[in-house]
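Just below sit the structures, each encoded as structure tokens.
One chain, chain A, links the two complexes that follow: it is found with chain B in the first and with chain C in the second.
Moving on to the complex of A and B:
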């Protein structure tokens, strides 16, 4: 039995924990929080797209549902943040269930278009139910989570640690799923759903389960975002943002847990850095997507899988003809 | 009236979808480029409106061809979702390139036909809308002849049926796919250049257009030309009626609700008897 969480994850975690101290300015720390939030969301997308091959083009909407649920629970009903956070997960998952039940029968690009449609509808509802969400004006004045003893969540670094904690939990869940019977069923479905169902896998049940977990996690990320940004509006949860999440996952490597995290962090910083070139920013972004899908379809994780074994061989001084262990 | 332009736009998309099994997210950008190029030619170079529309159609046709060559041909053997993501990239690229060239602000595009009004069974109808309707019908007819009556059309249908077999039978598939993209992009450009004067022209105008096109394509059945034609008109009517009777705020949502209903209950489209997808 292989260990699910190996040493490199502990190193990554340690690195993530010291990061805010390496960059003691507010702006970089803000970006770090946003990068970690993106990592949680992209990991949630990976749970459905990476593991079952179903592409969700409405994922930002579930993120939005989490954000609004949690913010409204706290502001209108006075629910404590932690409870609202759980509420955001529950409602995210529930919406995922309601959306997933009718459309998870669909394959490939039909599912993608259906989720895109749902994403747009959810966004329109958020925009138009002015009485509840204040619509396009957005929802200002969301309180930060109450301090627990010395942990003051209005402090960026403390909040960063909170997000890293959630990310770590999500990563562990993802890795656990990958190594379980459930995960292997999902991979079988991804490879060929007809063959998988012939093997006795209940394709639909597993897809729905994966989608509900995925949208629940997206809801959690949304809640964390709302109580960090302290202001939310429907514009942040549009189809463009859903596409952005897909791009992050693609660059990191679809289907890879470390890839999802890497892609999210990398692109958060890259798009921030591209701001210097202002109007060319999105043009370059588009070219980047084209370049990655055509030349490195496996993303960063694909590259790593290709180069790491070679590097290892070189380090161990093995002969050139050695057969690399295929996958892990 | 609106339905006829939905149809034009969706026809291009369904052609490409039938051929490559690709939902082309860049299709809306062909639409908006068509509008922008026609606008530039008509307003800046002071060419007559109809000539500008024609030139825009040709130019965007070539852009469509080029984008097939650069963004989709390298992925011919990749999974279908890679093609879809590639089209997303192309869409982001083209949309922001348009924004770079023409700026983000909406522009007015005046057409001489806007001022005309035509009496029609006691209703007065705007000349531009009559023009849209007439030209759309003309182009649809032309496309029908191209596909059903010419050698190129036969090759296109063969490729849509099975790319590999067609290639084995001596069809130059690369050329045919490129031509299909040219025709598809040209149709979208025609829709954009014709609709531009009715609304305003701005870089993200393609977004709504391509969403509508998806709906029409799915309603009509993938790659089904006549299905797309009928669905275009039906969606145009449903939307107008729903906006009037239900709520205009949720007008855009109606198209998506239709989309999802069709996907759930009749994923093969409204006009086909159900079939099982081959493994």
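Moving on to the complex of A and C:
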């Protein structure tokens, strides 16, 4: 059996661990944290969109639910961060279940429309329940997680490592799902749900399961964001942000676990870097994304799948014969 | 007399005013190859979709292994021991032959999500078992050489075979084949006939829809003829092909009169 977690993942992890030391300034380190947070959220979107083909256009809302749940639990009820973090996962998953149950047995685009509507509703609720969330004024003064021994989470690098740890867990979960009957069933559903059901796959159950895991992970990312930014407001969890997550996944490569991470990191840095061109930032960003979607339809993962085998061949001394026909 | 493996009793499916299947009854006995024939649009595939759970019947009852399975979802029917193929091949085209057959064995993979996430011993054992199981099926039906080919790249005849092997890997008691010979040349059809006979010898009951009379005549123990969603005749090939209503349905009224003179 081939190993689920191969050498390139360990290399990527090692690289992620040394990154903050290569950029010893606060600004870049802040971007690194944001990139890793985006990677967790985009990975969670990949669990539903990449694996089952169902498009969630309200994923930022689940991220928001996680952020507000965690922040409010800590601030209003004095719950320790780690418990609040679990609470954010639970509530994210629970809302995913409640949204998924009535919609996921429908075929076609109902799910995308329903999640889009749900995202808007959540945003309105966050904006208007001023008593609980302070509405558009936002929620300031969220405490960082309490230090564990020498691990002071107000330190950017330490927090970065916390996010990388969570990302690593999410990646392992994604890869292990992919490599089991669950991943195979989800891919079958994505390709042809009628044929999948004729294989004995309970299409509805698997879709709901994937969505609950996905929204639970989004909740985790939201919690990590809240206790890093220390201030949250509804603007961060709007439909625009949901769409941006979809774009990150598209650029990285829908359905690919490394693609989701790559897309998130790449676009986080790209959009920051484009600040240099001021008012043209979004124009150029949009054009670049459009270019990738048109010219590299499989995203970065598709590109890698195309070029890596050729590279491997060259490295191994150009033996052409030993490549399986499926890789042509 | 033993009770039938599959008992369809007064089954109906109406689409608005159209009675695609109309109070139809038939029995499939364990161990036989049962053929369903009829003109295009006579309701054969609709009947298959009713039996395998893709459609919900408007009325009537389906009993499988002496259990009322009326209105069961497809995945429950597979669990109960019924697998099927489709008229227009429904292979997972981007996946390899091996992956397709592995998916067929989905219901045999008895582990939980937690097993998969933690890579427990049970996960490893079951994954090894179903992989070996898939390889076994591929070998038994001569597909080992193409196991890593992408399914959609294979010739039509081979794809049909892959689809049947995929259905077989779910260990069905009853295998439903919807026009397995469609699009096959005579040589491929001959191979298919031997293939289906082999499946029956391996202990599976086969229920098939077919237009190819050579195949139907060659391998079916009993045949039912459908027209306008109703059963015209049932019996062995000689009985059915000599039945006046069948001759009329297939060849028209004038032929029937000419023959009876």
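Heads up, the rule we're going with is that the second predicted complex is superposed on the first by the 316 of 328 C-alpha atoms of A that agree within 3 Å, B and C clash if a C-alpha of one lies under 4 Å from a C-alpha of the other, contacts with A are read in each partner's own complex, and residues count from 1 in each chain.
Throughout what follows, contacts are C-beta pairs under 8 Å (C-beta built on N, C-alpha and C of every residue); 3 or more make two chains touch, one makes a residue touch a chain.
As the structure is a prediction and not an experimental result, all values here were calculated from the model.
When both complexes are superposed on chain A, chain B and chain C fit side by side without a clash. In the superposition on chain A, A:128 contacts chain B only, with no contact to chain C. Chain B and chain C, viewed from the C-alpha centre of chain A in the overlaid structures, lie at an angle of 80 degrees when rounded to the nearest 10. More residues of chain A are in touch with B than with the other of chain B and chain C.
In the superposition on chain A, A:110 makes contact with chain B only, while chain C stays out of contact range. In the superposed pair of complexes, A:194 makes contact with chain B and with chain C alike.
Shared-chain residue A:185: touches chain C; no touch with chain B. In the superposed model, A:202 lies in contact with chain C only, and not with chain B.
In the superposition on chain A, contact is made by A:243 with chain B only, not with chain C.
The minimum CA-CA separation between chain B and chain C in the overlaid arrangement is 9 Å, rounded to the whole angstrom.
Within chain A, the residues touched by chain B in the first complex and by chain C in the second are 194.
Only residues 1, 4, 173, 176-177, 179-182, 184-185, 187-188, 191-192, 194-203, 209, 324-326 of chain A touch chain C when the two sit together in their complex.
Across the complex, chain B is touched by residues 53, 55, 102-103, 106-110, 112-114, 116-118, 120-121, 124-125, 128, 194, 239, 243, 246-247, 250, 279-283, 285-290, 293-294, 297 of chain A. Note for the complex: chain C touches chain A at residues 52-54, 73-75, 78-79, 83-84, 86, 90-96, 99, 102-104, 106-107, 109, 111, 113, 116-117, 119, 123-124, 127-128, 130-131, 148-150, 166-167, 170. Contact residues of chain B toward chain A in the complex are 21-23, 70-71, 74-75, 78, 80-82, 84-86, 88-97, 99-100, 207, 211, 214, 218, 249-250, 252-253, 256-257, 259-260, 263-264, 267, 277, 279.
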